[in-house]
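Next up is a structure, given as structure tokens.
Naming follows writing order (A, B, C and D), and every chain is counted from residue 1.
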Amino acid sequence: MTVPQSASEVVDMLICLAHLVEDTAEELGALDASLGDGDLGVTMRKGFTAIETKLSDPELSVVHPGDVLVLAGTTMASVAPSTLGTLLGFGFVKAGKKVADKESLDGAAWSVIWRTIVDSIATQGKAQRGDKTILDALVPGAEAFDSALERGDSVEEAALEAYVAARQGFEDTARMQARQGRAGRYYEHSVGYKDAGARMGALIFQAFSRSEQAS
Amino acid sequence: MTVPQSASEVVDMLICLAHLVEDTAEELGALDASLGDGDLGVTMRKGFTAIETKLSDPELSVVHPGDVLVLAGTTMASVAPSTLGTLLGFGFVKAGKKVADKESLDGAAWSVIWRTIVDSIATQGKAQRGDKTILDALVPGAEAFDSALERGDSVEEAALEAYVAARQGFEDTARMQARQGRAGRYYEHSVGYKDAGARMGALIFQAFSRSEQAS
Amino acid sequence: MKKFMNDPSSFEADMLEGILLAHGDELEALDPDRRALVRRQAPSAGKVGLVTGGGSGHLPLFLGYVGQGMLDGVAVGDVFASPSAMVMLEVTRRVNSGSGVLYLYGNYGGDVLNFDMAAEMATDEGIEVESVVGIDDVASAPKGEESRRRGIAGLFYLYKLAGAKAELGASLAEVKEVAEKAIARTRSMGVALSPCYLPSTGQASFAIGPDEMEVGMGIHGEPGMERLPIEQSHQLVSRLLEPMVQELSLGAGDQVSVLVNGLGATSREELYIVYRDVHRWLANFGIEVLLPYIGEFATSLEMSGMSVSILSLEDELVELLAHPCDTPFWRQCR
Amino acid sequence: MKKFMNDPSSFEADMLEGILLAHGDELEALDPDRRALVRRQAPSAGKVGLVTGGGSGHLPLFLGYVGQGMLDGVAVGDVFASPSAMVMLEVTRRVNSGSGVLYLYGNYGGDVLNFDMAAEMATDEGIEVESVVGIDDVASAPKGEESRRRGIAGLFYLYKLAGAKAELGASLAEVKEVAEKAIARTRSMGVALSPCYLPSTGQASFAIGPDEMEVGMGIHGEPGMERLPIEQSHQLVSRLLEPMVQELSLGAGDQVSVLVNGLGATSREELYIVYRDVHRWLANFGIEVLLPYIGEFATSLEMSGMSVSILSLEDELVELLAHPCDTPFWRQCR
């Protein structure tokens, strides 16, 4: 239960995430079906299956952990260009580029990564916290991570807190009115349903924290 | 109960025929539906309604009875260009032209008219007696008419015999296998049904004989 | 039945009014009912006049191919019913430049009768008339009884080839020869998945189960050869192509044109999938496709289904097929 | 659901293979999956490159309009799904002659995101990129919220006008200006009578009663404005035209182009009946129709329905609209 530092550890984390997505695909689809077109399970699985295939290639030689993120992001954006596939894919690409020079990722580097992903999604999606999107899991997750580090927690402890906050953020989307994407067309009728993208956001922090706790 | 001689009597006969068609339209349609596309009632009614309208026009001035037949035939062929509408229309046109010079129609002239109609339909339709078509009413009708005249019957008596023979010819089509038109595609399965066009043939001789007897 | 229309009894009239309002710069109606339509510039001096006709409900057939490089005039009938010989005659008179008129149409009882009558009347008036009748549907009668076959989407090739030949200044006999060559070298076969609905009655043209297809069905819903469970495109394609390729004696090194025609409700996406499988099947036998046509060329109102037509090419036909044309419903530039 | 196809999972691949086999003389695929398609001769020296993209299932949209006088390249997505920004970038690189590239596409979340990303990446590579987004569907958001509206068949006008302008050698800024004028002067509205079926799932895109119509439905089955009993064409036409004509402030003496678009299963006969009623309604207000378009321009697989688009004309637009073009799916000769 350590937070990934090297390129190969980031690979492991993403493969772990791919397995989580596989296990959660049906739930993602069902959540997206309530307020969207129901394809999120299919597209996320498609994206992460492709990522797993790319990253499991024995020929693969990436030295920098940032390159792993760029490769994963590019793959996602190429094979699963739905709203979330695109936002997430380019979020990973930008985060990877931000830490391109690092051979190992410490807490500060991960803090940059999460903030970059959040900023990228917010900018491209023209969205903010409270709009009932993936940001409502990613933003509390990233903030909890930073606060824990500031408090002097270990990176592992901080990651676990990030996951708990992201997970709570997902639950909280039930109270929100959607303001983005297909769900935005439901206006006040969107209240009462949880957001599918936010569920995906919680999965990301789950893989990051390597939490074994039930999702 | 006299056979038409003058142009205005031919007009009367065709208007009588139009009313017979009106009364029989449903039966014609039903017969055509068994072995064809079921439109014969609609098309014959359409054709004869137009003929009646044309012939009832007070401005109409036709001196020659043959012209009445040409006008009726042209109208039929124009407004009801189905198989039978066309065959019958041009049969009338050709018959009318054959007696174009006559101011009054005697038995011999009517004999020419019926034979011309039969020949025209047979030539254009590439059909002969026994093919289960209108010819199976018209041919026996025309033949009975000629035989009666030869025997010395009055034109009225001959016309009545023609109608009886045409009517019997229609009944006899039940035994025949269709060799023409849409019905021809049923081969041996066409046996047992009477031919719609032959029913129309019987109506023509009914109007000609001014028979009041139930159709 | 749900249709965009007004009173069903004005279906044809409203449609024809729309067509003339839209294409009045290219088409001209000779009668108030707009049943006799011609190219505005007809007759073209010295050019053989090409005339077709048939029932409505098959757009772009029949009237859609009147224009530069294809036909000169058309007689328009009610839905699925022949136009009258009088209308045909009216068209014939107008398109005759003195070089004669060729009738090109599909082999349907009512149409044959009426075109024959029109030809007789036109001949009486001193107009030279010849006829060539489309019989491309291999499913409608067995080999040896070709003259009983119906004409379907392959009519497009008849119009296109004869149209180009006439436009190039050929004589009536020469255009007729090309038309007959087109007939001899074209075969088609269709499949229906769902019926169409007659505007006048609202009745379905036939009944079919949710997983069935009717192989060989005609464009008025005439019964086909077999009712089968629907199969994958590549299987269906080989079912359709085999008899056609055999009748045309096609083999390695031969060149063909292919026309994949939608009957009305079938998506263009599906037609291209079918074309892919046709192209591959032919390529597998060494047969090369030049100038393929994919789209709606001869429909049956909103019937779901498609047909495949094959034209066996030779040098002159390639040239004629590639010749430019410009009609309201089909344009080939350059 | 009955479709002519092979394995549903290869629906897009088989269709694209068919399109390239049929139109390989005009179109070229940049990738083995054929998702990045361009005109063979792209880039044209000195010409602004025009690029579109979007989900499959709308033929002739989007890829159908790549060709002379219209677009230079297209990024093709799965059925009803956006293509990726990487594919868009690939197309962008190829069609850029150094004169810049203009993205023209419909306002759908996924497409906007991906084109924005592609623009960012292209800009990073030193390619000048601008975007104009189609928002013609008046039924998809109220007046005042135009930027939330969807792009439907009116995209055809966007492609045609910008395409002609670019072909005439205009600069990126000038072509963009024409494209924005096209957006400002085009309005559309559609009606659906029956759903389409997604090849991958076989599911109907929506449910509708046997006598109902959905006014304002989108081309993916997005909900419209009203569910009503079906009405006669002339009544429906006035329902559709009123808001469009009002938003475009059209009145006596104005000239427009009209596009009557079939969504897939609707017969061409019906589209011409609708056109008749559109023409008459406009004529009644003294509005003249130039250059009407009737046919299938933006479909939704085999959905039954149609849309009407109005383009408010002025001198330059008439010239650009009439300018010749020659693409696999739309040809204007001369």
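The working rule: a contact is a pair of C-beta atoms (placed from the backbone, for glycine too) under 8 Å apart; a residue touches a chain by one contact, two chains touch by 3 or more.
The structure displayed is predicted, hence computed values, not measured ones.
Which neighbours do chain A and chain B have in common?
none
Where the centre means the average of the CA atoms, what chain is farthest from chain A?
Using the mean of the C-alpha atoms as each chain's centre, the farthest one from chain A is B.
If you average the CA atoms of chain B and of chain C, how far apart do the two points sit, in angstrom?
34
Between chain C and chain D, what's the gap in Å when you average each chain's C-alpha atoms?
29
Nearest whole angstrom, what separates the Cα centre of chain A from the Cα centre of chain C?
57
Enumerate the residues of chain D that touch no fewer than two other chains.
none
Counting only residues that touch at least two other chains, what does the list for chain B look like?
Not one residue of chain B touches more than one other chain, so the list is empty.
Should the pattern of chain-chain touching be classed as line, ring, star, complete or other?
Basically the chains just string along in a line.
What chain-chain pairs meet the touch criterion?
Here the touching pairs of chains are A-D, B-C, C-D.
Can you list the residues on chain D that touch chain A in the complex?
77, 81-87, 109-110, 113-114, 116-117, 222-223
Which part of chain B faces chain C closely enough to touch in the complex?
Against chain C, the touching part of chain B is residues 39, 74, 77-79, 81-83, 86-87, 90, 124-125, 181-182, 185.
Quick one: which bits of chain C touch chain D in the complex? Just the residue numbers, please.
Checking each residue of chain C against chain D gives 2-7, 11, 14-19, 21-22, 56-57, 59-60, 191, 193-194, 196, 210-211, 213, 230, 232-234, 236, 264-277, 279, 289, 292, 294, 296, 299, 301-302, 304, 306, 324, 326, 331-334.
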